[in-house]
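First the structure, in the form of structure tokens, and then the observations on it.
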């Protein structure tokens, strides 16, 4: 088993190294003539005004929150799914209860209107 | 001779050991060689795919597509590579330089790293780890991080808005994708990719769990961010989304990652629902398995291209509604149904074809019912009809109105 | 097994440097990115300890979900008029001293304790960790109560966060 | 091979760094990030003890999984409070929010 993970480690290193090479090679041959005008922030030709990091609406937070909760849910459900074959029928019911409890949260968010894009 | 790849591998292994290296070192060198080979293969595939995609897009849209560089324009991609290699990097003022440069590398690496665990044939497997499915999902999340980094570090409103929009979409669609992936795991009782392929030897999971296959396809099309889900490149609203400020090869990395991601989704679809490398004689002739794997992947790739070239872009509210109000509830119902049906059928222990038939019929019934219910419900937002107005209005009349 | 040792020390150095960067970085987004590096280092530690499932969900949960949540919150709560300013409060020397004392004490304790100077026992070859984990989580005489309570905890967190943060 | 104490010392280092962050940082989001560091240190301890004492029984991993759920809930509610607070007082420095002090 460790040899597989060593392979994954090597693969990750190679997968990071290749894009780095691909990104850094052109800087050897491509021109580099920076100027103030060229490096201005692109806003379709209009001058930028104010702070660029604008504020956001809290809907984005709600989406990522629900995503986080369901991510944790899958963390519990993957071992459950793998071991389903060796477990009594009772275990399936427990998993279903788990899903339904969290599903109630999704329905709450939906009724509250937090999922409707505005 | 049938097992060409392993023959070469053991020959190389013996060669390196013969040169005086220890066995661990020989193993290490072979693993480095293998991973470099797979990564190069990915780049070659992308170069070929870009040409195929552009030619196909041209034909579908009644154009020629690339036809100048070489016969049928097959050298177009190489011309593009030369062009992109000689372009200047422009870093906008006020950009967070570190994150700005890491983001394209991370975007590419997150797609490449998925290929570490793919089983290409019965004994040509990268890393046969026991958590293969979750590895794929986990590595995919680096791509989301790369988009956030690119959007934040560019110091550009369009980039930041595009990034946060596309991340909202990506994380939303990751929920049905992960739940759809739970179903092959549940049916195969393993997270190991080879075990999942083994479990669908006579009957593909496409037939056993058609809803999961369909939802996986839809949600991963959203994940790759191509039409009809290409909101991150809504040119009229957001310029080019999170990579507005990128130029040269840094932009190229995002572009290549997108193509490779589409091909990777094809490979995932093949592994989870289309039987992977399995096919006639593939167990005895592994080289045939490799051919089957890449053929199936290419077919799925072409199907995704076909869908994306045929459909227009949908609005972000429609897209999120589709996800939250249809895909996620139905995929949860599907998960519950598959778990219960699978366990009950396992108690009864019927013949395999009865099992598959019952699962298929149940899935179809659920899909049709949910489509029927979804068609009956009222849309959350009523569409407002605006009366048509003249395209060109004289300045006087416009000013008088306001 | 010098390779394992090398990976271990690399992991420790990267993780600790990243963790220090988390608590000292002035820019919050940079701090969040350093946090992700540190947590990825912890994932490598889990792989070295052969808890591969935990390693994978560490990456999935933290880098996939919590990073996005933190960055969104930073974007949501940025006050355009106010710069970051000094990141630490007045009592930081006391905090640093306290942390250092805690670390040195723990390290000395672990270093001298004979029970902790042991090597890992060999894993049995047919250990199907994930299947066992799933069986433990739902079997009535093991951890089924924490399993169901976790879902109620998550439900409470979900509803509570929506109540607190959501406003049209 | 690596003895158990090295992992424990590593986890202690992470925990102490997190503790410093919790005590010394001003910004609430930074404090929450430091708490994440501390929880990860705890998880490393759980897994290290599992690996070095009873790798045949999965209790350590079960605890680690539950710590994930707890840390996710903690960060979700904490950040929601940060957002709500920011909406009211436009300020997220922990030591300047003192309405509940008396």
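Order of writing sets the labels: A, B, C and D. Residues in every chain begin at 1.
Note that in this section a contact is a pair of C-beta atoms (placed from the backbone, for glycine too) under 8 Å apart; a residue touches a chain by one contact, two chains touch by 3 or more.
As the structure is a prediction and not an experimental result, all values here were calculated from the model.
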{"item": "Reference subunit D; chain at largest CA-centroid distance", "value": "B"}
{"item": "Chain whose Cα mean lies nearest the overall Cα mean", "value": "A"}
{"item": "Rounded Å distance, subunit A centre to subunit B centre (Cα mean)", "value": "14"}
{"item": "Subunit C-subunit D separation of Cα centroids, rounded to whole Å", "value": "6"}
{"item": "Separation of subunit B from subunit C, taking each centre as the mean of its C-alpha atoms, in whole Å", "value": "29"}
{"item": "Centroid spacing, where centroids are CA-atom means, of subunit B and subunit D in whole angstrom", "value": "33"}
{"item": "Touching two or more other chains - residues of subunit C", "value": "3-4, 50, 52-53, 57, 60-61, 64-66, 68-69, 72-73, 75-76, 129-133, 137, 150, 154, 157-158, 161-162, 165, 167"}
{"item": "For subunit D, residues contacting two or more additional chains", "value": "65, 68-69, 72, 75-76, 79-80, 83"}
{"item": "Interface hub residues of subunit A, defined as touching at least two other chains", "value": "1, 5-6, 53, 56, 58, 60-61, 64-69, 71-72, 75-76, 78, 81-84, 95"}
{"item": "Touching residues on subunit A, where the partner in the complex is subunit B", "value": "1, 3-8, 10-12, 14-16, 18-20, 22-23, 25-27, 29-34, 36, 38-44, 48, 52-54, 56, 59-60, 63-64, 66-67, 70-71, 74, 77-78, 81-85, 89, 92, 95-96, 99, 103, 106, 110, 115-117"}
{"item": "Subunit D-facing residues of subunit A, complex", "value": "58, 61, 65, 68-69, 71-72, 75-76"}
{"item": "In the complex with subunit D, residue positions of subunit C that touch it", "value": "1, 4-5, 8, 12, 15-16, 19-20, 22-23, 28, 31-32, 35, 38-39, 42, 45-46, 48-51, 53-54, 57-58, 61-62, 65-66, 69-70, 73-74, 76-77, 79, 85-92, 94-96, 98-100, 102-103, 106-107, 110-111, 113, 116-121, 123-124, 127, 129, 132-133, 136-137, 142-143, 146, 150, 153-154, 156-158, 160-162, 164-165, 167"}
{"item": "Partner subunit A, residues of subunit B touching it in the complex", "value": "27-28, 31-32, 34-36, 38-39, 43, 84-94, 101, 104-105, 108-109, 112-113, 115-117, 126-130, 133-135, 152, 154-158, 160-161, 164, 167-168, 171-172, 174-175, 178-179, 182, 185-186, 189-191, 239, 244-245, 248-250, 252-253, 316-317, 320-321, 324-325, 328-329, 332, 335-336, 339-340, 342-344, 346-347, 380-381"}
{"item": "Partner subunit C, residues of subunit B touching it in the complex", "value": "24, 96, 98-99, 129-131, 134-135, 137-142, 144-145, 148-149, 152, 160, 164, 167, 171, 174, 189, 191"}
